[in-house]
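Everything on this sheet refers to the single structure shown next.
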Amino acid sequence: ELGAFVGNIDKIEPDYFRPFLFENGLMPSTWIVIRLDGCHFHRFCKIHEFEKPNDEKALNLMNSCAAALMEEFHDIIFSYGVSDEFSFVLKKDSQFYQRQASKILSVVVSFFSSVYVMKWKDFLPHRELKYPPCFDGRAVCYPSSEILRDYLAWRQVDCHINNQYNTCFWMLVKSGKSKREAQDYLKGTQAREKNELLAQQFGIDYNALPIIFRQGSSVFRVQEEKANGYGNGASVEKLNTRVVVEHCNIIEKHFWKEHPGILDESL
Amino acid sequence: ELGAFVGNIDKIEPDYFRPFLFENGLMPSTWIVIRLDGCHFHRFCKIHEFEKPNDEKALNLMNSCAAALMEEFHDIIFSYGVSDEFSFVLKKDSQFYQRQASKILSVVVSFFSSVYVMKWKDFLPHRELKYPPCFDGRAVCYPSSEILRDYLAWRQVDCHINNQYNTCFWMLVKSGKSKREAQDYLKGTQAREKNELLAQQFGIDYNALPIIFRQGSSVFRVQEEKANGYGNGASVEKLNTRVVVEHCNIIEKHFWKEHPGILDESL
Amino acid sequence: ELGAFVGNIDKIEPDYFRPFLFENGLMPSTWIVIRLDGCHFHRFCKIHEFEKPNDEKALNLMNSCAAALMEEFHDIIFSYGVSDEFSFVLKKDSQFYQRQASKILSVVVSFFSSVYVMKWKDFLPHRELKYPPCFDGRAVCYPSSEILRDYLAWRQVDCHINNQYNTCFWMLVKSGKSKREAQDYLKGTQAREKNELLAQQFGIDYNALPIIFRQGSSVFRVQEEKANGYGNGASVEKLNTRVVVEHCNIIEKHFWKEHPGILDESL
Amino acid sequence: ELGAFVGNIDKIEPDYFRPFLFENGLMPSTWIVIRLDGCHFHRFCKIHEFEKPNDEKALNLMNSCAAALMEEFHDIIFSYGVSDEFSFVLKKDSQFYQRQASKILSVVVSFFSSVYVMKWKDFLPHRELKYPPCFDGRAVCYPSSEILRDYLAWRQVDCHINNQYNTCFWMLVKSGKSKREAQDYLKGTQAREKNELLAQQFGIDYNALPIIFRQGSSVFRVQEEKANGYGNGASVEKLNTRVVVEHCNIIEKHFWKEHPGILDESL
């Protein structure tokens, strides 16, 4: 039996892989974004009884996975998540896996999926994970920090629009309307009208809803001074880097000015 | 606060995604192979105390994940696994995710990772999963079934060569040699010499080692007649499709002739 | 002045090219087709007073360029041309420019353009070439000879459909209709109706029109026995390879069976 | 005969092209460079008896083709040429052919080749064009104007290094050395040594050689005020745009500051 193996070794092409490989070098000196979305999460949320319109525990699980990813892969400098979606930004000159799209994409998606399952019981302790969650992903490159910020702003605007719609929709459903009726009711309404609906019909001040629902979650590193125990001013201060999850406006320039280190192109 | 959002909506490009997307259509009418490898599994095996040279329980976990993948994604028609590596073959005319490389790659890798964590305790009940496992992946296309079979044969030859080497290496280490000494000892030895070393020094008949170590694992569907309970021959027989894990020679044509349905190009 | 140069040499990245290069490996073991089309040839034909619906001299110039290309680049095994379009088929295992799309595409298009200008006066001696002709091109890969033949058949069907339409259109225009009227007249007519129009209104038997107009032009190599001058049968016969231009049905299998060497995959 | 055609029309896939097309979208908001090189120009120069080390007439022909290209394709904003090589820079937000690499590449190469043949007799009137010249091309994208300028600087440094070497080499050959001897003689020499060789052995001041040889050729547009003939200040002044060929230092920032319109990213 072994003979057959050995006899065949010589016949085998030494490189039957690379020439057939899907080519995938991401352009140097551009911002790589890996965008990850839950697959069929409509069904996943239903079967796992996620709260509607937003399940804060499930969102915190997503954020915790993103933070773990940033602890593991230092080239990811910023992440933005909303609902079952997360965007991971790699630094512009990252050489992570020599910028091969398939490698970067697969390790991000694989690690995120593993952590999601491992941390499930920490965030949703009383709910059994009934089947394996699955995320799909894609790689995008942005040639300038302006376009990158536009992309992130677009995701946050989307978060707002979807959240406003979903809040109205589920309030209508909880108040007795069918899903179809709720849908028809909202068709064509403007942002202002939706806010009025929430205020007048349900006594909800949209702007008072938890900020995580309205602005999504930004995950990034901050540096903090390490207490050094010495009373006199001559101490050598060291900086600690910590990954934080915040819910802030990333559309306005303000955020980026306050955190110049994130997209610092001079580094 | 909302005002800022709404004011910005109009400024946002409606399609800030597609033009920057890493392009990824896989050629129609070709065999797509998604190849998945454990990331830094050298360390992962060590920390989780996998048996050397092969940990049968860990291999069975891998195989079980592959089988689960094939239950989930029907376009995968054959899988071959060895060590921490698995190759998944999609049917030639698959339209799974419109043949977009990034989507197919990411869902395969994500689902596999989730299942691996979920099933861990079933296969390795007394060992704690200490950190999230991670797999990277790549997509390859083969234009003909001949080249596809050559690829799979190459993987199985590799399985054999690596297993033979690893078996020798770990026997030498277990017998008291340092890893460096074992490596030097084996440098340049031929297949026959390695087999003689195992036989003479350690009393091991290489060909009697478990076939899962020597031939890797093939995962595929078989159809079986459903028992129908009627005594008379006029019963309507239905076919059940079942995913099986086997350890067989896929280098020789014999296997493919016995399972003509797997690569059947006439379908 | 030189000093500035020399001082800068060291600062320059040695490889400021490859990482930014548009990636372009064409899949091994597939049929590469380079398809070339005249740019803005509507205007080019008008300014150079090409006969309508077909200018046989201009078609012969195109064919002559294709033949010259096949004399120059031996990896091109078949070409099919119609109107201002030509498709060049490279052999399946061609290693021409290591199968880099941009190199193959550019040399084919460049050589064709050069020859077109050089040969212009031979085919259209009494018409001045008033401005540089320009052709665009694209690369396509086909994984099997069946799909390749389907592509070529599609081009020949297109040739027929366009020629039939154009013949009707220009006969109507020459008979006094405006272009708009001719267009409206033909809208929605079937093949049979167009043939009847030609026969009844203009006394033209479509099938009697020059075959180059109806079937386009196929350019390929034929082998012919070299006359060897010796009367006795013991002579050593040598084969000469010659590029020929023919106007034949390449939709039916007949052509490919009569010329088995063209797509011979066993070579 | 027609029957066979018509009968087949329905069987033909309506879109047997796009799915198999070599994918080729160039990233938006990046500088596209089409780089063109003469194919086998060593032989082409020899057969057409180009002067060595530089044939000024042949260089002027190249420059004239580049200028014609810029007159034709307005998205090309800068070109740099040396020897048988030319780089064409498209503006960052060009939508030329929807940024499809193969279309842009092929029309640039095709047009250049056509013009080269058409203008040959104007620049080299006493030399017959003996066979069709051929150029290959590639597409590169640069995400920032800094990297684009680095690329162009690299080409100009290369021009200088090659010219200095070639000037020495051909002076040695003309003085009686064989090509091999000249090569050996120059191996490992520094820039300064080559200049000394030229000065001392051949009485040549390198920096006094024609600037077109030392700095290559830059082709770009300049705007000039149109004389309007009216003496009083109330005249409407119009700007004329003109393509110019200059031989200037594009390594230093000076050039780009003097011509801010070329790479103006604010437009």
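Labels for the chains are A, B, C and D, by order of writing; each one numbers its residues from 1.
Everything that follows uses one rule, which is that contacts are C-beta pairs under 8 Å (C-beta built on N, C-alpha and C of every residue); 3 or more make two chains touch, one makes a residue touch a chain.
This is a predicted model, so every value here is computed, not measured.
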Set of chains adjacent to subunit B and to subunit C: A, D
Cα superposition angle of subunit A on its copy subunit B, in degrees to the nearest 5: 180
Chain pair showing more contacts of the two, B-D and A-D: A-D
Proportion of interface numbers common to subunit C and subunit D (over half same, under half different): same
Farthest chain relative to subunit B (centres taken as mean CA coordinates): D
Computed distance of Cα centres, subunit D from subunit C, in Å: 28
Distance between chain centroids, defined by C-alpha means - subunit B, subunit D (Å): 50
Subunit A and subunit D: spacing of chain centres that average the CA atoms, whole Å: 45
Overlap residues in subunit D, where contacts from two or more other chains coincide: 20, 24, 27-28, 141, 147
Subunit A residues touching subunit D - in the complex, by the definition given at the top: 27-30, 141, 143-144, 147
Complex contacts: residues of subunit A adjacent to subunit B: 1-2, 4-6, 8-9, 12-13, 16-17, 20-22, 24, 26, 35-36, 39, 68, 97, 101-103, 105-107, 109-118, 129, 132-142, 147, 150-151, 153-154, 156-157, 160-161, 191, 195, 206-207, 249, 251-252
Residue ranges of subunit B in contact with subunit D within the complex: 19-20, 23-25, 27-28
